[in-house]
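Each of the next two complexes has chain A plus one more chain, namely chain B in the first and chain C in the second.
After this line comes the complex of A and B, so read on.
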């Protein structure tokens, strides 16, 4: 069967391998583009959040490539993402497409549904559960490796001597990971990739700012949605840090090590799980402030519910702890130039603050 | 002089006001509601609330400001879940409501932000009432009596709703007033109006939608008029339940009216800037079109909704249906 899936950052490299190894044909949706977005905007409800629209566009493009089934994750919310699949299916049907969206819920929530879904996947290709498990583990390793490599690229880029070099090397490493077939090869590619990235000539004496990135998972992870925010900042010589990666929240993040810490930090301001990454945005801001970061950028889709709640609370955090927060709400009208200008202004402001603090004698 | 507790006339108000009012009065508090939504309230809310918020949340801020200075406490429970052992919760803005309000409005009286999470167990509501009673220094017997009285009134309220009074009318009846007679004699059409109670029943926000419809000879059915049990049964047909209580009710009601009642049309009232509604609205639209085969009208209300705009759209919709039914 021709199977496709949502595209989010580089994760497609791992999902592609998984689907192919289960004996199906993976259709990798094209990287989101203006066309994807406009397709999504045309058929999605006007006020749907932008991830919903980009994903709808992605599915439509995948369908053009012959996709018969789309696998996506469910989620227990309490945010809209958990319901994307159902509405996407209704809209695609309404447009006359026969494609089926399989929503895989976290096994802990609905173990029978999970088993049923996996069965429909592996039965036609006669793959046993053990083999399935093995392939799943391999794909997971790859996902982890992809995230590790990305994280290293963010550490190196702000300091690179020749602007643009990190990105070039990074692309090559992705290629290597894409070609790795089993756990051993994945590990080798990862180690080699790390070596290549660390070898890039860097100037660690260069003064840099440190900025934390918080917000909604899709726009944080998918560069098309955030107009390449992280790379843009890094090319301005700003070191960025984020806690949200697909393979795991806060995994190996050196600022804070568990979601628990984040919630504890948020508690004085917001002591309730509100869905999405709302509480995390508040807690992470507190922690970034405590760790001496210069500023925080909040990235969220326009009208994103949990992030609006977070946004309404952040001014208080920012005021109490003295950390500037830039909120970027993204919708289909947001342009790269606009983001660039706002980032430049923000970075200028952070430099000024830094200077003022250095000039003022420590008391 | 008794202490005063303020209840904003929006969001949870239409669903639970009689319950809380009775309870607090039995505890010896004076209950004050904010004034009905008005231009002043709306403007105040728009000014104080975070500018990306949906219109009902902005209006809530306005109601809180209206209460400020008039009361000793403001009751703003954090609604987390209201069904025993259920899995549904509330829109994130409800979950973070007390925190949002505190961060946005300065010099507030004390906010009573009791966490209402009835999914946790059978006696949650009682436990929570005890905590509230303790907070206001009431003895246990008094709390128990207040709890029972509140439940009784709440049941009565539910009965009135099932007799097809709107919440606003039912609250008037409970207060011993006579509501205006509701249905016009020359009715010819039946509409289901679905959406959040705080959008459907707030006459200012929706520019008197219900009255307008009745004026055009339409009988109105809403989710509140149908026993919850029946709505939930209908929801079994859905591929997956939504996560949020009020959104669920809107979708379930739409399904119920599509398949269990002979309604001529479905009107969905959605609030501008509402996240969940973006999905709810399209779901109802597609279901009404592809499976229920029923005409559908979506009305989005925002701070600029004008009389004229709503009237024209509603009239056009009603005329189309009358033509179709041949009653014009």
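After this line comes the complex of A and C, so read on.
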């Protein structure tokens, strides 16, 4: 079967391998572009959030490439994202496409549904459960490696001597990871990739700021959705860190709950699940403040309820803990220039603030 | 005499100022951009050169606004700054103890929070146009009142009507409705001012610590009706600086002055740039999946700058 999936950052490299190793043909959807967005906007309800629209566009582009089935994940908690799979399915059917969307819910919530889904996948290609677990584990290793490599690229880029070099090397390392076929090769690629990235000429004496990135998972992870926010900040000499990586997120939802710290940090301000990443946004801001970050950028799709709730709480956190927060709401009207302007102003603000603190050290 | 040039090129207006060494405005200019930033900047420079004559020598130049990079390449700027920082710097120079800046221009409105002269928070309108100057312009045109008379009409009102100001479209239909109910023009105009202010405070000002002294700048600050509505809503007096509608350019000039005080020389290409043929063109790079839109900036037929690429491949080629 020809199977496709949502595209979020570089995770497609791992998903592609998994689907192929299960004996199906993976259709990698093209990286989201203006075309993807306008396709999505055309067929999505106007008030759906931007991830819904970009994903719908992605699915339509994947269908053009012959996709018969799309695998996606469900949502946790009271957020409409949980219904997006269903709604996507209906829209695609209405448009006359026969494609089937398989929504995989976290196994901790619905173990039987999970088993049923996996059975549908492995039965036609006669793969046993053992082999399935083996392939799943390999893909998982790849996902973790992809995320680790990306993390390193974010550590190196703000300090690079030659602008653009990190991005170039990073692309090459992704290629290497893409070509790795088993756990041993993945490990080798990862080690070599890290070595290449760390070798990039850097000026670690350059003064930089540290900014944490929080918000809704899709707009945080997919650079097209956030207008390449991390790289933009990094080329202004800002070191960025984000709490959400797909491997981290998947581990939390699927295996165990390691978000305990974040929830605990959020508790004084917000002690209730509000869906999406609302609680995380509050908790992570607290943690970034405690770890001495200069500021936080919150990324959210326009009209995203959990992030709106978080946004209304963040001024209090910001005030109590003395950490500036810049909120960017994103929809299809958002232009790169507007984001650039706000980021530049935010970076100016953070530098000024740092100077003030150096002149008048906190008591 | 030495002068410092500041240029603010926004989507609606283009402003130029020249400051003297004591930060006093020697000359200022307000033009409509009309989608042609290059032409307007050249025209503006021509007019500035005329007024200045040979008495003033430009010792530094700075640009701001949405076309700041393009303009900086064109004129040879010593500093390029985003309009939020530029506005803050200008305001705190003229009203040193300012703690809140309200800035409403044609397309954008922003709020900047300062403490001890340092920006600690800011916000800009995102998708909503009901809190900007062009909304007022449109409604004034619809009511057939010249925008200059708008404010004085508004402050004469005794009983402003309440107009739904959540969104420009709602506001317009609600206003038509109120007109049909027979409310006086004065009350409707005052209601519109209140609606714009409410919209601004709910959208841009939401969650911000608005403390006096409050400075009000940008084109809309000329409107006494809006100023009055803000004073009513906030319960504080509001200062409108003399050069309220060119503060971005003033900020850019101040930043340029500071930059050349460090480098001791200016990159300003001189007023001759008004005679040069500039052009910007873009293409889509097919080098990788990013498909960046790369902008090429030509002086005569030579590319003098490129930007818009994510990987640095094109930008690096020029320098």
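The rule is simple: the second predicted complex is superposed on the first by the 349 of 363 C-alpha atoms of A that agree within 3 Å, B and C clash if a C-alpha of one lies under 4 Å from a C-alpha of the other, contacts with A are read in each partner's own complex, and residues count from 1 in each chain.
Keep in mind that, in the parts below, a residue touches a chain if its C-beta (ideal position, glycine included) is under 8 Å from a C-beta of that chain, and two chains touch if they have at least 3 such contacts.
In this text, all values refer to a predicted model and were calculated from it rather than measured experimentally.
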{"item": "Touched partner set for A:79, first chain B, second chain C, both or neither", "value": "first"}
{"item": "First, second, both or neither for A:344, with chain B first and chain C second", "value": "second"}
{"item": "Which superposed partner A:352 touches (first chain B, second chain C, both, neither)", "value": "second"}
{"item": "Chain B versus chain C as contact partner of A:274, first or second or both or neither", "value": "first"}
{"item": "Partner chain(s) touched by A:331 [first = chain B, second = chain C, both, neither]", "value": "second"}
{"item": "Chain B versus chain C as contact partner of A:306, first or second or both or neither", "value": "first"}
{"item": "Which of chain B and chain C A:65 touches, first, second, both or neither", "value": "neither"}
{"item": "Chain B versus chain C as contact partner of A:315, first or second or both or neither", "value": "both"}
{"item": "Which partner, chain B or chain C, touches more chain A residues", "value": "B"}
{"item": "Chain B versus chain C as contact partner of A:48, first or second or both or neither", "value": "first"}
{"item": "Residues of chain A that lie at the interface with chain B and also at the interface with chain C", "value": "302, 311-312, 315, 329"}
{"item": "Touch list for chain A against partner chain C, complex", "value": "30-31, 33, 162-165, 167-168, 171, 228, 231, 302, 311-312, 315, 324, 329, 331, 333-334, 337-338, 340-342, 344-346, 348-349, 352-353, 356"}
{"item": "Contact footprint of chain A on chain C as seen in their complex", "value": "66, 81-85, 116, 118-122, 124, 126-127, 207, 288-291, 310-313, 315-316"}
{"item": "Chain B residues touching chain A - in the complex, by the definition given at the top", "value": "49-50, 52-53, 78, 80, 89-93, 95-96, 99-100, 103-104, 115, 238-240, 242-244, 273-279, 281-283, 286-287, 289-290"}
{"item": "Residue ranges of chain A in contact with chain B within the complex", "value": "44-49, 52, 74, 76-80, 82-83, 85-87, 89-91, 93-94, 103, 269-276, 278, 302-306, 308-313, 315-316, 329"}
